[in-house]
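Chain nomenclature is as follows: A, B, C and D, assigned in order of appearance, with residue numbering initiated at 1 for each chain independently.
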Amino acid sequence: MTSPTATLLISCPDQPGLVAKMANFIYSNGGNIIHADQHTDFTAGLFLTRIEWQLEGFNLPRNIIGAAFQAIAQPLNARWQLHFSDAMPRIAIWVSKQDHCLFDLIWRQRAGELAAEIPLIISNHEKLQPIAEQFGIDFHHLPMSADIKAEQEVKQLQLLKDYNIDLVVLAKYMQVLSADFITQFANTINIHHSFLPAFPGANPYQRAYERGVKIIGATAHYVTQDLDEGPIIEQDVVRVSHRDQTSDLIRKGKDLERMVLARAVRLHLQNRVLVYGNRTVVFA
Amino acid sequence: MTSPTATLLISCPDQPGLVAKMANFIYSNGGNIIHADQHTDFTAGLFLTRIEWQLEGFNLPRNIIGAAFQAIAQPLNARWQLHFSDAMPRIAIWVSKQDHCLFDLIWRQRAGELAAEIPLIISNHEKLQPIAEQFGIDFHHLPMSADIKAEQEVKQLQLLKDYNIDLVVLAKYMQVLSADFITQFANTINIHHSFLPAFPGANPYQRAYERGVKIIGATAHYVTQDLDEGPIIEQDVVRVSHRDQTSDLIRKGKDLERMVLARAVRLHLQNRVLVYGNRTVVFA
Amino acid sequence: MTSPTATLLISCPDQPGLVAKMANFIYSNGGNIIHADQHTDFTAGLFLTRIEWQLEGFNLPRNIIGAAFQAIAQPLNARWQLHFSDAMPRIAIWVSKQDHCLFDLIWRQRAGELAAEIPLIISNHEKLQPIAEQFGIDFHHLPMSADIKAEQEVKQLQLLKDYNIDLVVLAKYMQVLSADFITQFANTINIHHSFLPAFPGANPYQRAYERGVKIIGATAHYVTQDLDEGPIIEQDVVRVSHRDQTSDLIRKGKDLERMVLARAVRLHLQNRVLVYGNRTVVFA
Amino acid sequence: MTSPTATLLISCPDQPGLVAKMANFIYSNGGNIIHADQHTDFTAGLFLTRIEWQLEGFNLPRNIIGAAFQAIAQPLNARWQLHFSDAMPRIAIWVSKQDHCLFDLIWRQRAGELAAEIPLIISNHEKLQPIAEQFGIDFHHLPMSADIKAEQEVKQLQLLKDYNIDLVVLAKYMQVLSADFITQFANTINIHHSFLPAFPGANPYQRAYERGVKIIGATAHYVTQDLDEGPIIEQDVVRVSHRDQTSDLIRKGKDLERMVLARAVRLHLQNRVLVYGNRTVVFA
């Protein structure tokens, strides 16, 4: 499997023959499929699939695979994305004052668990700048408050352009992105420190303590204009007891947050997450 | 440990010497403590403890232990309960049309996992009467609707009296008890089919499906006048994926519901649950 | 999805075009694939797949689908099984003295979770006969001991023939099947009360207690001639603590055993388990 | 709870009055107990307890608490340890080539999750020296092989003395300590990358893959002369599937290893782990 691969993520109205059509496209061009998974949402009448094949021996040059597949996709009214495994997506990590998710993502990227580059860190505080320097990553400090939000978002968007960023990861950024921002840059993953839809919004750990729950969680989701309502990629939980104060929930939650966020980012980078409506299919 | 035991569940304002005072009460009367656990809620300034000791060799007759302990508890402004391990609490199981929790509770009681008697089943439907008969348990059918709720609750309360019921277990009863009922019979455990506070109220599985969560749960709690807001005893969760339809969530949820409810009932019967405010200390 | 479906479970040496070939077979005969999943074991050089399609509108009559597919499978050196969703496999449950798995399997079959018939219960003890009668299932008591094992197994095999049994489920049977028996009836699922390969053989709970583990488990696997070494279908675990005596491990383990066994049987009945070598692919 | 606390970990033959005697010792000297938990192992006839109280207002100076308690402990044949919460144990982390546990432990110590100092890192390879330098921790490279093991262990023991080390954490050290070493330095925690007793010894992930298990785990335990047989402090597991190659098991295992090891070290540092025989009581 050392050969680079191409991956198609496809969704289209369900009809007979879709698996055959798509498999034939790969096979007739000399490709060897190494992963093919599909799901049919009978409620939505949607066919959703992920197909990954080795580019070695594939007869179509990369730059025309898309056009060639569009000839098949168009009559099926299919929405699709094409990705290459040797492309290195560029991630901007946005943080506030907490370092656990930032540290974890950088460590995983260095350890080879995340096939991406991390050229940019943006924060509304200066606190984590030393970590950026320690790992040789550009750090931009953009303070945030209601009155300057609009102008700061302009700068943020410019930075994403300048650094040619493909994915923004909100690693405990603790700020809400404006609808306007989200319209201009859609590809953003956030980690929320509760098992949504429980405790949306602020201070979920404090509220979890007050409610006396026996389990807390964390949720990684794509950011949409409805706060904490975006498509969920991954969730996980941990048991707590009466002995756990809010500070213990926060401590235990940090481990959840970094694990759940890292899994979601990895799934996204492997092109295993297909969003439709407000749902995800995770081809794990 | 074949000797019957006595258990004290105590909560009082925190102050030095509480553990010593209570342990001395047992020891000075010849008792051997087999379990003692305590928790201090520094936020509430409360000391909460569970002490269990063997009655064999204890010098106080059962009928005066309470009075004797009250002499210690009163100056401490302590609230306390005294229970004996060989007492057999009497449970009324309330059901609607689903049998999984009912079957499970009966099986566990027969298997010796629940030290209680189950003399009474109440249902707003006749569907599960055969199960009651199969296991030789009295079954009372009390249909429920808004217009007859008041009069039916009178009958329900009378049945709880007639059968000398200590604990009501709502095993998927799917009906809301009135504030008036709860005032007259407080000791009720309910199983809610979501990880509260997510998806309170009706159809949590359908709503969980629509939200696209990756984890579903169940919650066992004491019933209070605020629907689904009572003190949580136990929760558990299970992973779901895009392949799970609402019907799969319901199926997976059934296993959660019966496990979580059974654990909560067992903890309650072992006098391991101490409620204060809207919280529980579970001395597991 | 009310239409009955056909499912092919296929394994063959990996080569390009397999997905296309198989999807074309379904499509060219008018079938609509509702589930297709595949896995490539690069170590073994094996392609393994599960394809399920609706029989409604499929042009091949059931009785020749196999022959038609064999024409494709044979040149690929493929091993394959064909199953129909409306077939009702017949299960024989083998028990000893413990009833929890038996009760659970019967309840799930009655609840519609297991698409199978359960016409036969075999036990080396008479204890559970009342349960069989309660649910109207034939019960055969075949005492077992080393000296009569051979002759009893002859009777057991005869019963499996007489009742036209497709699958034997060892629901805490607590006896070892002879190599000769396994040769004559291969399709058997066993529940082992530990997370194999930990604590193989007898008394795993006692040994788990003695070792002081913090987690116990259960394992459902196909029975092979190497005791507790068969292909694993499903495993699950639960936390234990120093407070748990061996009897608590046994009690907690019962819940694990019935859940894990039920999941494994359900996966098997849905033809989602593909065995190769000593491994399983579970197309969940 | 900002006041420093003292903690007694005690084990002695069970007899009536132990809780009272020990609570009285604290109370009669003006101490306020903030945590008291006890366990009775009826099989071993042992009483085991953890008592933590605030030193503020306690009438005995620290340096004579031990002597004073010994007067109570001696007639009870009690084994006991006394710890102060503001003492800062000194940890030596031993590593080989893998950095995930090292990074994690250092991050947690910096984040305040581990109340200890980490002045020393010992490794049989030079690879992780940059991490030591990055965080300003002394790094000693002591290559290891069978023929030089004895002399290297002499140097290791000398380093532990020189740095006044209280606890050695084998954070994927991948080397076996000699019986002689263990006799001279007993206080060592190791992380084993399997849910012991499954897959003891080398290459557990490879063997887990070959066995086709559906769950893998990690185990943190005290090091004894019997390899991988020491008292277990903490274990945890994660699900795997047929899609996971050995490399995926290793990747998933890394998260388990760092979480389980960190929890075990934290529990040890909080003096919540009481070892007796080959078992632990974890007063969590």
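Just so we're on the same page, contacts are C-beta pairs under 8 Å (C-beta built on N, C-alpha and C of every residue); 3 or more make two chains touch, one makes a residue touch a chain.
Values in this document were obtained by computation on a predicted structure and should not be read as measured data.
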If we define chain centres by averaging CA atoms, which chain lands farthest from chain B? Would you check?
A
Between B-C and C-D, name the chain pair that shares the greater number of C-beta pairs in contact.
C-D
Using mean CA coordinates as chain centres, what's the gap between chain B and chain C in Å?
37
Please work out the Cα centroid separation of chain C and chain D, and write it as a whole number of Å.
41
Junction residues of chain D, two or more chains touched
243, 284
Once you draw an edge for every pair of touching chains, what topology comes out, line, ring, star, complete or other?
complete
Residue set of chain B touching chain A in the complex reads 39, 41, 43, 195-199, 211-215, 217, 231-237, 241-243, 245, 278-282, 284
Tell me, which parts of chain C touch chain B in their complex?
99-100, 103, 107, 111, 113, 134, 243, 251, 254-255, 259, 284
Residue ranges of chain C touching chain A (in the complex, touch as defined)
1, 15-20, 23-24, 26-28, 30-38, 40, 42, 57
